[in-house]
C-alpha cells in the first residue's frame, strides 16, 4: 500500500500515480491533495493526524516549497511504515507519532537522485519513483536500494508547546480545518470536568461543550477536538471567523 | 467493496480510510467528500442519486451535524447492499431507491458503541469501524455482530412532492449541483412533448431543451436532468444565478 | 485499469464509477474531476500531460459541453492504451503524445449508442459503459464490440505553436495551474543557458530561474515548468495574478 498526500490540488497528483503504477501494483490510497499550499507545518500536522491510522504502508508526502534547490529527498522507516518526502521536516512529526505507538525508533535515509526530468515537479520525477522503489523492495529491505544512504542530519520540525497554569492556558492555533474549527495546541485535558463552563478565548467567551449541537446553530463553543486539543468552533459555522483566529495566532484561554 | 461519502472535505476522510484498511482488504471507492456541509437533506439526495449505480457494497455515509449527541449509529440492509450512517435520515431515501430496484425491503439496525475516542469525529471512531465490521462479517450476516440490534424507529427523511396541474407545476429546488444546475422536484414528465416551448420559472422565461448546447453559451434553458427532474440551467453557466434559485426555494413553473 | 478524468467536480463521478464497477473489476484511478469546467482545450492539455505517465489502461475523459447534441462518442487505441471520450478533440493531443512515445499510430472508432437514460449525463449513460466494455473485451480486441465502427473524421484539436526568433518569443498562455503558474506554449529551450538573466513578459520583468525558491517569497520568476514549456510563476504566490495572464492570452517574451 502506498498513501499519497500533497498540496498539488488537481491534476498533478495523477502524474505521480501514473509513475508509481508503472513500477508497482501497490494499492494507492489518496490521503489528500488539498493540504494548505506550500505550508510545511500544516502538512506535518495533518499527516501526523491521519497516517498513523493506516496499516503499514509507504507514505508519500509532497509539500515542497524548496523544489529545485539542493534540499535532499528523505526516506524514513518506523517499524513497518516508511515515509518518503522532501527533507524539510514535513514527515518528522508523523514518524515520531508512529514511533510512539509502535515502540520502534525512526531511521532516516537520503534518497539519491540525479537529473530529474524537471526542476519544479519532484513529486513526479523524484518522490513518486522513490516511493515505488521502496514499496517494491520492501520497507524492511529499503537500505538495499543503491540510491539509499543513511541521513545524519535530517531537518526537524516540532510544534510549539502550550503552557497551562491552573485556569489559564497559553498556546497557539496550529491549523484551521475545512469546517473552520481552529485547532490549538492546548491539550484537551485543560477542559476536563469543565463542560458547561464559560471559557474566554482571547477575550471572546464561549461555553465548553462535548458536541457542536450542544449550542444553537451559529453559536460559538469550545471543545476537545478529534486530535485531542482544544478547538474553537461554531455549530454549523466557522470557528475561525467567529473567534478571529488564524493558524499561528497566539491564544490565551482563561476560565 | 466499501463506498465512502461525507461532507468532510480534506483530510479527515483519510483517517476513516486508514481505520477501515486496518480491519479490511475491501476495495474502497470514494463517492465524494464534498457533500454540502452539514446538510443532511442534500446528502440524502446525492447518495440516492449515486449509490444505486454501484454493485452490492457497504455504503458509508457520514454527514453528521449531531455528532456527540445521543443520536444512534444506524446500519441498514437492502438486498446485498448495506448502508452505515448516523440515524438522522440521511440514508433512508437511498435505501428506498435500492429497495424499489431490487424488490427487497430495507431492514434497520442500531450499531452499539461506547466511549469512542472523540466526541466530534464519529466518522473515524464509530462509523468507519462499523462499516469495516459489516463488510468483514458480510452483509447477509450482519446481525451476527454483537454490536447490532434491530432499530424500530429510525429517523426518516422524505423529499417534498411537487404538484402538477395541466400547464403549471409547483415544487421546490432540491439541490444545486456543482455546475450550478438548479434541480427541482418536478418530475421530468412535465416537459414531455414540450421541447422548444417557453416555460416561466417564477416569472423568468426559458426554452425547454434536451441539450445545454441547444441555446447559446450564457443563455438559460430548462431541461430534464439526469435525475429525472426538471432542472433550471444555463449553457456553460450557472442556472442558480441566472434564475435566482437556491436549495429549498419554491418554484412555480408555467407554460 | 481504467483512469477517470472529468470536469464533474462532485458527486457525479461516483455514478460513473458505480456504472463501471457493475461491469468490471478493473482498478479505477481518478486522474481528476476538477478539470476547468467545459473547457475542452484545457482538458486536452492536462490529459496529455498526465495520462502518458500511466501504464497501459483505458482512459475515460469526459469534458462534454456538447452533451445531448449529435456529437459522437469516440474510442481511440494507441498501442496498449485506449481513450474513451466525446468526439470534440479532447483526447487527440494525448493520443498523439502516446503515439510519439510508443511508435504506434492512433486508431479511431465511433462508439454507437442509442437512447441513453439521460440527455445531459452521457458520462454515466454512454462513456462509462463504453469504457467498461472496452476494458472487458480488451484494448487489443475492441473492434470486436458490436457497438464499435471505424471513425473517419474525428474532430481534431491542436495547440497553437509559439514562434521563437533569437531573443524574442511570441506565444500564448495554454493553461494556468492550481498554483497559479501560467504555462505558455513557448518551448523551454528558449531559456537554455539564460539562468539569472532578466526576461520581459509582456513588459513585466522577471529573472530566469530553475527553482521557485531562487527568488524571495512573493517575487516573480520565469522557469521551465514540468511540461517543458516556459512558465510565469511567483515563489509561494500566483504567477497569473503577478503577470496579469489568463489562459488564451498572447505573450511576448524578450531578453
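A, B and C are the chain letters, set down in written order, and residue numbers restart from 1 in every chain.
What we mean here is this: a residue touches a chain if its C-beta (ideal position, glycine included) is under 8 Å from a C-beta of that chain, and two chains touch if they have at least 3 such contacts.
Since the structure is predicted, the reported quantities are computational estimates derived from the model, not experimental observations.
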item	value
Relative orientation of copies chain A and chain C, as a Cα rotation angle in degrees, nearest 5	120
Type of chain A:chain B copy interface by residue overlap (half), same or different	different
Centroid distance [mean C-alpha coordinates] between chain B and chain A, Å	31
Residues within chain C bordering two or more other chains	30
Residues of chain B touching chain C in the complex	1, 3, 5, 29-35, 46, 49-55, 177-179, 210-214, 223-226, 231, 235-236
Complex contacts: residues of chain C adjacent to chain B	8-15, 17-19, 21-22, 28, 30, 37-38, 65-69, 117-121, 124-125
